[in-house]
Amino acid sequence: MTKIRIGLIGCGFMGRAHSNAHNRVPNFFPELKCKPVLQAVCDSNADCVKGFAEQWGYASTETDWRKLIERPDIDVVEICVPNKYHREIAVAAAAQGKMILCEKPLCMNTAEGEEMAAAVEKAGVANMVSYNYRRMPAVSLAKALIDSGKLGRIYHYRSNFLQDWCISASVPQGGDSTWRLDVGSAGSGVTGDLLAHCIDTAIWLNGGIKTVTAMTETFIKERMHVETGKMQPVGIDDACSFLCRFDNGSLGLFESTRYACGHKALFTFEINGEHASLKWDLHDLHRLEMFDHNDPGPVRGWRSIHVTDHGGDHPYMERWWVPGLQIGYEHSFVHQAADFMKSLETGEPCSPTFRDALKTQAVCEAVLNSASAGSWALL
Amino acid sequence: MTKIRIGLIGCGFMGRAHSNAHNRVPNFFPELKCKPVLQAVCDSNADCVKGFAEQWGYASTETDWRKLIERPDIDVVEICVPNKYHREIAVAAAAQGKMILCEKPLCMNTAEGEEMAAAVEKAGVANMVSYNYRRMPAVSLAKALIDSGKLGRIYHYRSNFLQDWCISASVPQGGDSTWRLDVGSAGSGVTGDLLAHCIDTAIWLNGGIKTVTAMTETFIKERMHVETGKMQPVGIDDACSFLCRFDNGSLGLFESTRYACGHKALFTFEINGEHASLKWDLHDLHRLEMFDHNDPGPVRGWRSIHVTDHGGDHPYMERWWVPGLQIGYEHSFVHQAADFMKSLETGEPCSPTFRDALKTQAVCEAVLNSASAGSWALL
Amino acid sequence: MTKIRIGLIGCGFMGRAHSNAHNRVPNFFPELKCKPVLQAVCDSNADCVKGFAEQWGYASTETDWRKLIERPDIDVVEICVPNKYHREIAVAAAAQGKMILCEKPLCMNTAEGEEMAAAVEKAGVANMVSYNYRRMPAVSLAKALIDSGKLGRIYHYRSNFLQDWCISASVPQGGDSTWRLDVGSAGSGVTGDLLAHCIDTAIWLNGGIKTVTAMTETFIKERMHVETGKMQPVGIDDACSFLCRFDNGSLGLFESTRYACGHKALFTFEINGEHASLKWDLHDLHRLEMFDHNDPGPVRGWRSIHVTDHGGDHPYMERWWVPGLQIGYEHSFVHQAADFMKSLETGEPCSPTFRDALKTQAVCEAVLNSASAGSWALL
Amino acid sequence: MTKIRIGLIGCGFMGRAHSNAHNRVPNFFPELKCKPVLQAVCDSNADCVKGFAEQWGYASTETDWRKLIERPDIDVVEICVPNKYHREIAVAAAAQGKMILCEKPLCMNTAEGEEMAAAVEKAGVANMVSYNYRRMPAVSLAKALIDSGKLGRIYHYRSNFLQDWCISASVPQGGDSTWRLDVGSAGSGVTGDLLAHCIDTAIWLNGGIKTVTAMTETFIKERMHVETGKMQPVGIDDACSFLCRFDNGSLGLFESTRYACGHKALFTFEINGEHASLKWDLHDLHRLEMFDHNDPGPVRGWRSIHVTDHGGDHPYMERWWVPGLQIGYEHSFVHQAADFMKSLETGEPCSPTFRDALKTQAVCEAVLNSASAGSWALL
């Protein structure tokens, strides 16, 4: 058994999700030879990092990420801080020979992403970007069905990620909780935060995107900035939608917003093939919908598959409880952490690597460019 | 082409449903050799019957049902009046050699039902009871699937019919609109009105019932009687549920009430077989749910079949619009009327005949007896 | 009581829907002073038109539409033939002083539409285009809720119309059943056939559209033409999607295709406002989904409203059966026919008039232009 | 901070669920003063217990439960073994002054239950039975809504627990995985295993049950016994359904089976009150359905509440992720463990105690007696 010593940077929502994942891996994936150990956690807020370490069981703390990445007792650096810091930390950590697990989106723009991918490749270190939804059992099952050829030629792909938490003008920008509304910290709004998930899943399931036309909007033009206490212009996109064409000839339709009253985290995708179609919705993440045209005519219909079966039927589920008993959001992170540990054992890269995630970054960038130029953008 | 001259008795909700059905048969079943003609309508309320005749296109009116059944220009007598009149009218109409289409439930009790069945059989006239839901396409499809053997051995059958329109104590009893709350007119409450539908469908789909244990309740003990203007005891059952065993060894569970807040007409059934299960719900009557255990493990799930296909896939649907476009409640009456016309052409009885409907009557009676005695009742 | 004598041109699917509607109006809207009478039906196929007249009860037939529109015993001309004939018939009928009810889309292009609108306005005749979905009770209810201000500022509108009947390459183009695949007869593919419905509803519910960017595709490039028996290029759009901005500042997303395996007639819309959101789906047309942010926090959720209530709660439903019993597709045509009759009584135009429908035509044209040019188009 | 040293007996499915729960409490309920520590695990299978201890982090192991309960370093004994051992272990552990968390059902019959309740009360030790579903956020929310009086007078309660894993005759009885099919180990079949959950929730939400009439069936009469390798009669109930009356005058309907093809763990309840109704389904455990008759007529409908909100709206959810992100089955055990720890801090009993759980046991016993006698049974 090899201990893989984790050094986490960032004590926010994602820091919690990653910490929980590592804690669960030994319980649910006991056969793994590489076992994560919570070695150190780093946050610039000294009070906060102490409490976090105690709550999650980290052996030590740091307040300067540069210290953390230099520590010889750290094997993996996990980057769970706002997007604007990803590049600098990742490049420095790679230079120290650390493995890196980076939160999505990879970075602020493709130039940064190229630098990051080059850095980890030069250093020869394991690296991965946390597009966790790939490892939801229902999504993994969709991937397996598509790859099996069951759908045949693909005609359509559509996906959206709709939220409603920004409708109130009193939500501020900047700071620890709302840095996603501050363009300086996040780089973009829903495009990097939400559409990035849609795009990563789409590319994984349906292949590359070659051309896009997009539209963005900022509905609320000014919000109070937490750091200045003043009303400041909002620089991010509140909503973004785009049309696209995939390499395989299918048509795509994507939409994201934080102004869709009634949707808290409605991440959906649907793919229509010649023979069958699939649908998924994060709000009921344990279900996959499938329509199979090869069913006999009288009994053709959308099947609601409760993705909780054992015996190899449903990815990852044998690890958990018994059929019919659903798992939740956090489990995608547990599966991701386990697959990453497994990859260290086998030496195979664990997808999506930085290089893989660059493709999503490129689509995001093309989308924002298209919206800004008012024209189609090529990839 | 033979004209089948209809004489309707009763201008209420059911009178409308039957009149509409006859009006549509020639449009949607043009190949039928027997064509219904609205010859006469009868209601004791002279003003009401005139307006009804004009609205629906009846050629003449009567205010005394005895006159109507004696008219030589009437071929079919349709009985759409409160239950307490069914027996007398049916027996008299049969004696006049009229064909009879009687609203459900057949009668007030099995003794009446025996007399009615004997009368039509002696007269040798076509007869049918309006258990219209058998001819909902989704329900007809369920019947075909069960009869094909797809489900295998049956373990369970459950059905309910839940409404909520009696929760208010200000709803009266008796009169034209609320005679169903008056035990003198209706004979029973939800048992004859709602459970009778559940039971007819159950027997049709799953065979005979051999033993029952039931519970009834009258939640609101007194209601104003429309005819007297006074508060009077409520004699009907507001709610009734029962357990039973079917002849085929499966277990049954039935429930009905008019006090289930949020359900307007939730008539559902579910049948669980060894290999497959089926579910239906009147609130979305154009859908049938099916689970097929023979589907491959990874993609097993409940299928929501939108029963609107053509090409012989879905019963009756070729008559209507195009796939995906649903029909409604009234269409079950159109199908029933068309099948009755067809049966006149072929000479085959059109199920459920009076004799068939007696089985449902017997279960209703056993249910009420069981509830009253507090013990299991045999059939 | 005034008889309104109908002259129908076209014995196809739409001819049936319109004929059925007129037949039902007197039964379900008995108070109307104007009553439709099926005076004549016209189709170039002489055999077909005879059978149709008999089936639906038309008093006479024609095989030349010019004859029909000249008949003095015709008050309303109903145009239910392929799009390429709409303009010529409508202009000629208007010149004869006939009222006109025209199937959608109004015409082949906006130039034709302008001519048609001018013609009916010059003639001063009642006119309407059959965007029947406006008169689905659930859609009418959505309109009432939006107009009441319940949703507040609107952020998003999305709509699609997905079908799957063209996936097979063996479906031909042209002829009576598949003229919609022949660009010469239809003018466009899904844009005029399906998106036109989405757009009409959108404009009605959410106001004008000012700019669009679109993408179209023809997946199957050649299909056998029924009239020539030869493989010929397919000139229509098999799929079309577009992004848009509405006059009220909200963002729109539209998609249509006939290659979405599993969807027979999935016409949906969703509108997201500041305070509430609404959703509808033709596959379950009797339901409207609503989310109301003003509900107390613990019990906020999407409500599935079964649009079948009486007492003024749900538009049109009092005309039909009892709460909980759904109606179907065809009822939207009955409501439309009844509203048209009512408008003759009041003298108020019955929306959508030709002029109203021109707006939808203009959006369709902008969409096709945008797709062809690969750039945003202004309206 | 007080360490609460756990001694777990049983390494099966429930042993895993309990171990996981304790492991997560410190991460998600960091403010608790009592913190569970995995001190020892016991199983008669020596190999198995070693692996289990390693996987879950237990500090030590035992193979004789008597040794475990005598250890002074154990504060809480957790009983996760087949029902037939509950009484003996619990009584002995209480005599040792240990706190006890016992898996459901409490015991084999009410006589045993009385002895167990008396033992813990005499010893004055904290005790609880693991009816974990009470602590599903959606179920806890239902409890809060009912207790607030929102539903008014209750008319109906219905609940079922349907599974399908016993349809195959090749499933054996007895042994570690299928002891639930062996009457000697389990005491009863679905009644103690599944209906016990339905009944516990029902009593909690709707009060006491006073009279029942039940029906049971054993569909497959013989199964191979794991311990003997021989076909032996099946002594348990494969299916059980019952009608009942609650103390508050409402009517109840319960059903459970392991032969409902298509249902893996369909645990549902529905409660109908004068003003509102609630529904829940374990297959989508993060949703609660509510119908509120006080909503305005046009927009009344069943609300699907996604029980994932913060700010005090949804019980327990603030502990987890962000709104819209669902939790799973195991979280009910985490909440239970946390509430138990909290109760040690406050000194308040943590419901359901042994005494509370005796009520459910009594209903189960009455149900089985009623089924066996074929008559109503009083409680």
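Labels for the chains are A, B, C and D, by order of writing; each one numbers its residues from 1.
One rule holds in what follows: contacts are C-beta pairs under 8 Å (C-beta built on N, C-alpha and C of every residue); 3 or more make two chains touch, one makes a residue touch a chain.
Since the structure is predicted, the reported quantities are computational estimates derived from the model, not experimental observations.
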### Required steps from chain A to chain C (each step between touching chains, minimum)
1
### Pair with more cross-chain C-beta pairs in contact, given C-D and B-D
B-D
### Query
Taking mean CA positions as centres, which chain lies farthest from chain C?
D
### Task
Please state whether the interface between chain B and chain C is built from the same residues or different ones, using more than half shared residue numbers as the mark of same.
same
### Task
Go ahead and note the Å separation of the Cα centroids belonging to chain B and chain C.
36
### Task
Report the inter-chain centroid distance for chain C and chain D in whole angstrom, where each centroid is the mean of the CA atoms.
55
### Message
I'd like the Å distance between the centres of chain B and chain D, where a centre is the mean of that chain's Cα atoms.
### Response
42
### Task
Could you list which residues of chain C touch at least two other chains?
263, 302, 306, 309
### Query
What topology does the chain touch graph have (line, ring, star, complete, other)?
complete
### Summary
chain A partner, complex, touching residues on chain D are 13, 17, 19-20, 23-24, 26-27, 30, 51, 54-57, 163, 165, 263-266, 282-287, 306, 308-309, 320-331
### Message
List the residues on chain D that touch chain C in their complex, please.
### Response
141, 144-145, 288-290, 292, 295, 297-306, 309, 311-314
### Message
Using the touch definition from the top, list the residues of chain A that touch chain C in their complex.
### Response
155-156, 158, 162, 164, 167, 213-215, 217, 219, 239, 241-243, 245, 251, 253, 255, 257, 259-263, 272-277, 291, 293, 302, 374-376
